[in-house]
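For reference, the structure I am asking about is given below.
Which chain is which? They are A, B and C, in the order written, and residues in each are numbered from 1.
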Amino acid sequence: MLVVIVALLVVPAAAALICLRAPAAAAQAVTAASGVACFGLVLALVPAASRRDLNYLSYLRVDAISVVFLLATGFLYACVAVYCVGYLARARSDPGFSAHSRRFYAGLNLFAWAMLAAPMMSSLALLWVAVEVTTVISALLIAIEDTDGAAEAAWKYVLIASAGLGLALLATVFAYYAGAQVLGQSYNLDFGPLLQVSGQLPHTPVRLAFGLAVLGFGTKMGLVPVHTWLPDAHSEAPTPVSALLSGSLLAVSFYAILRYYQVATAALGPRFPRDVLLVFGVASLLLAALYLLEQRDVKRMLAYSSIEHMGILAIGVSFGAPIALAGVLLHVLAHAAAKGNAFMGAGVIVTKFATKRISQVSGGLDLLPWSGPLFLLSVLALGAMPPFGIFRSEFEIVAGGLASGGNIASAILIVLVTLAFLGLAATTNRMLLMPRAAQVPEPVPARVASGGADGHSPPPALQRGEPSAWMVVPVAAGALALLVLGVHPPAELTGLLARAVHQLSGAA
Amino acid sequence: MSLVLPIPIIQFLQAATIMGAAPGISGVIARVEARLQGRAGPRVLQPYYDLAKLFRKEALAPQGASWVFLAAPLAAMTCYLTVPLLIPVLTTFGLPLGYMGDILGGGFILSLASFVVAMAALETGSPYAQMGASRAKTFGAITEPVVLFVVFVVALITGTDLPYALAATVRSSAGQIVRPAHLLAAAALFMVILYETGRIPVETHTGTNEFGMIEEARPFEHSGPYFALLKWGSAMKQLILYTILLNVFVAPWGLAATASAVAVALAIVALLAKATGLGIVVAVIDNSFAKLRLFKITEFAAAAFLLAVLGVFTLYLGGG
Amino acid sequence: MAAVAAPSVFSGGANVVAVGVLLAEFGMFRQALLRDQVRLYAAQSALISVLAVIVAAARHLPELYVLAGLSAALKVVIVPILLRRLLRGTGRDSGEHGWTDIAGSGALSLASTVLLAIAVAAFGFFSVGALAIRSPVLPVTALAISVSVALVAFVLMIIRRDVASQAIGFFSLENAISLTALVVAAGLPFILEVAFLFDLLVVVVVFGLLIRVHHGRAESLSTADLTSLRG
């Protein structure tokens, strides 16, 4: 297993280095190969991690919880790497394309590398460093498109997220302080030993560390009220990057919070950590649901949906019952697949219709024979429609909530999720199901103007057909994965989740 | 054989030293500043000659000014003669009249002096004098809280607000000097002194810049002996403030521990030496910085306030 | 009212240096030139290295000497040089010496900002005082000061409306947290501290690149135009 883990660290980094020098076609191929290979490597880890924790080289630690998040990242890395082939193809004739695509692929590989490294770090300090690295790389990736919106979004993102990570670093320092009281001054912030002695840790520093960690890593996760960078960054980034940001990066930040949650629950008892997470979760869900009701930009809408789902994750953890925790971990996987799909589908729509504004898109089902229905399925999956994976995970979360006595919170969750679905469904309906001719043109502000639409002329005529097959296959794979997760998760996965839940409930 | 001075003599010497040395300190500062600028500069004793000249001149009062206009310089001078009795000028032990008022009382008396001079300036109807008075009081409203916080620091450190007690505390150990509260309070007080004595960066002491004058504008309409009293008074205020800063905060050494004549004489010399040293520092600052624009003086006052408040905060947790 | 006892010379000196760090943070509200802002950051980092050396000498922690030296080399020398390189040409009169003018970019006047920051710092002081965290190497006042510096750095990032001050505000936030680490985590393994330092280097480069991108589009360092993404 050491070989697998080291390969997971080496392959994306090597791919990034190669992409810096290789011509565009080679970079594409290398990235796609790296993505698929990493996903395969993560799948190879699943059986081993379901049985025991893997500790190597004193800095690497892979347990069941890590593998859940590695799966989310690995799957999306593979899908996005293939998707990029089609996504960048439309700009092939632009001057400077090969330099741009080299930077893009190198950045993408580095981004995936950092996200794969984070769940495998055994020390909380290195976990923080990995999350910080993901922040800066993704900020550069957001700014890689040369638009005003992207520049603004990248600056807001890097400033707010880094400031939040500053708080998370403070949390790490206090976690060290707490650990050093028991384990001695040379304690290196290893997670395993900290968890073992957590019964003896002094309460105040642990409380402080947990609160700051939720606030700090929660900034990167998109918890309200520190979510303000998220809609801008996820909507202005290039679509493959948005998919990775929403599907994987938010999950990795949640992973960091989960680690602090484990320590805090073991040291302080369950009440305080769960109350904190419940407050943040409900706030996120409420704000996202309300904002979803009036969105004008398709990617921004999906970004708010991400905030909604992160809120659901936080609420799920706050319920604490084992079935809720199982739902949370399954939700991480299902959300990665569904959100990735949705963004990739949105990318196809944006490519086809040359605009992100919902009011300018219509007749999607007619014009996109594959991506249209797939996008519809993705959005419905995000709204927790059976038989997809998100339905199963949210069902488990609500069941856990009712089992642990959180009736009011469960009721709030259901109401708000329904509200969010209302918002998603209305806009998707307009984009996909409304026939093209019935679209009412709308004056478009200069910044987001699509090519050709000057506001009052009839919409340009579009041909039926997919922009690229490369952009359909990953979405289909994602839909398949969602179906599998919802109907019958494989036995190894269930075993992995069972062990992870066991660890999260504090019985490790 | 050492001559022991009776206590009333020492008390008298306190006020007399301040009164006699004040113009000299002003002269030293002016000369050092000129020298730094490459000029020869006036003689150190020039202010004494100026005062003598002014006493011989005729006094005029504007029409419509009442007795306040003429009484103000005298009242101010009285205040400036009272304050040296309250602060440690020459001795480490408290003199009987020194218990008349604590450091807060000293502050009140100084403010009273400033107040009556401002009243007199307002009476004149001259635009420059009125402008100077109103500016002085406006900025005074911002700098007074700074002085209060400095007093709080003194009170928190020593448990009393007698300046003698703080001087003794500072002398007692090296830890008392290095502590942040002490240094911050001293720095804040120094900034307030720059404001009160009308130095860069608050206003230029040399020359008349009508748009920037604050302290300098207030005695604009007085003449003759009254003007001399006002000038002397402001020089005394300068020396009093220097004395508070030096003998209470920064360098409370060289004070007489006994009432012997030799010790008191040495104390006088030490005080003059320290005041001269501080005056040189002020002259260097005068030559190094530019005058702040009027509305930026609030930033200067805010900085002083920051230092004073931080002094109190660091004391709160017990390590300051 | 009882008198507050005097701290030891070591405590007093260490607290004075920590207060210097806080004053440098306040100074960043005022700077009108990017060059001065960067210098103030370098001065602040130098003060923290000095404090690390003091702690190393008084508490016999030889690793801290190396860490102080490395941190000084990085934050006092390399980061300002990097920033200078990356931000060359963003001055109003773009050229070799085009260190730009970022004066008056505060949302509030300077005096009001200082008062607000004092209130925020007070919150930091008194909340740390309420926690029972005792450090083995430095007095608790130093911890309170470091938390206050972090809070004032947040105020700096919020109030000043130009990208350079916001970036330097973030770097000074990292300074504050390394000061906190010095107080409560002086024994943190050396390799982890080095990891934090090199991570800071990467972050500086990325921030510089993004400032260039911003300047390239907006022709200035002001964030006044970053208002188009709403809802």
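One rule holds in what follows: a contact is a pair of C-beta atoms (placed from the backbone, for glycine too) under 8 Å apart; a residue touches a chain by one contact, two chains touch by 3 or more.
Bear in mind the structure is a predicted one, so any value in this text is a computation, not a measurement.
Chemist: If you take the mean of the Cα atoms for each chain, which one ends up farthest from chain C?
Modeler: The chain farthest from chain C, judged by C-alpha centres, is B.
Chemist: Which chain's mean C-alpha position is nearest the mean C-alpha position of the whole protein set?
Modeler: Chain C is the most central one.
Chemist: For chain A and chain C, let me know how many angstrom lie between their CA-based centres, rounded off.
Modeler: 32
Chemist: Chain A to chain B: how many Å between their CA centres?
Modeler: 66
Chemist: Taking each chain's centre as the mean position of its Cα atoms, how many Å separate chain B from chain C?
Modeler: Spacing between the chain centres: roughly 36 Å.
Chemist: Would you pick out the residues of chain B that each touch at least 2 other chains?
Modeler: Chain B, residues with two or more chain partners: not present.
Chemist: Name the residues of chain A that each touch 2 or more other chains.
Modeler: Expected reply: no residues.
Chemist: In the complex of these two chains, what residues of chain C are touching chain A?
Modeler: So the residues of chain C touching chain A come out as 131-133, 136, 150, 154, 157, 163, 166-167, 170, 173-174, 177, 180-181, 184-189, 191-192, 195-196, 199, 202-203, 206-207, 209-210, 213-214, 216-218, 223, 226, 228-229, 231.
Chemist: Sort out for me which residues of chain A touch chain C in the complex.
Modeler: 123, 125-126, 129, 132-133, 136, 139-140, 143, 148-149, 151-156, 158-159, 162-163, 166, 169-170, 173-174, 176-177, 180, 184-189, 204-205, 208, 231-232, 235-236, 291, 294-296, 300, 447
Chemist: Where on chain B is chain C touching in the complex?
Modeler: For this pair, the touching residues of chain B are 155-159, 169, 172-180, 183-184, 296, 298-299, 301-303, 305-307, 309-310, 313-320.
Chemist: Which residues of chain C touch chain B in their complex?
Modeler: 1-9, 11-13, 15-16, 18-19, 22-23, 26, 30, 109-111, 114-115, 118, 121-122, 125-126, 128-129, 139-142, 144-145
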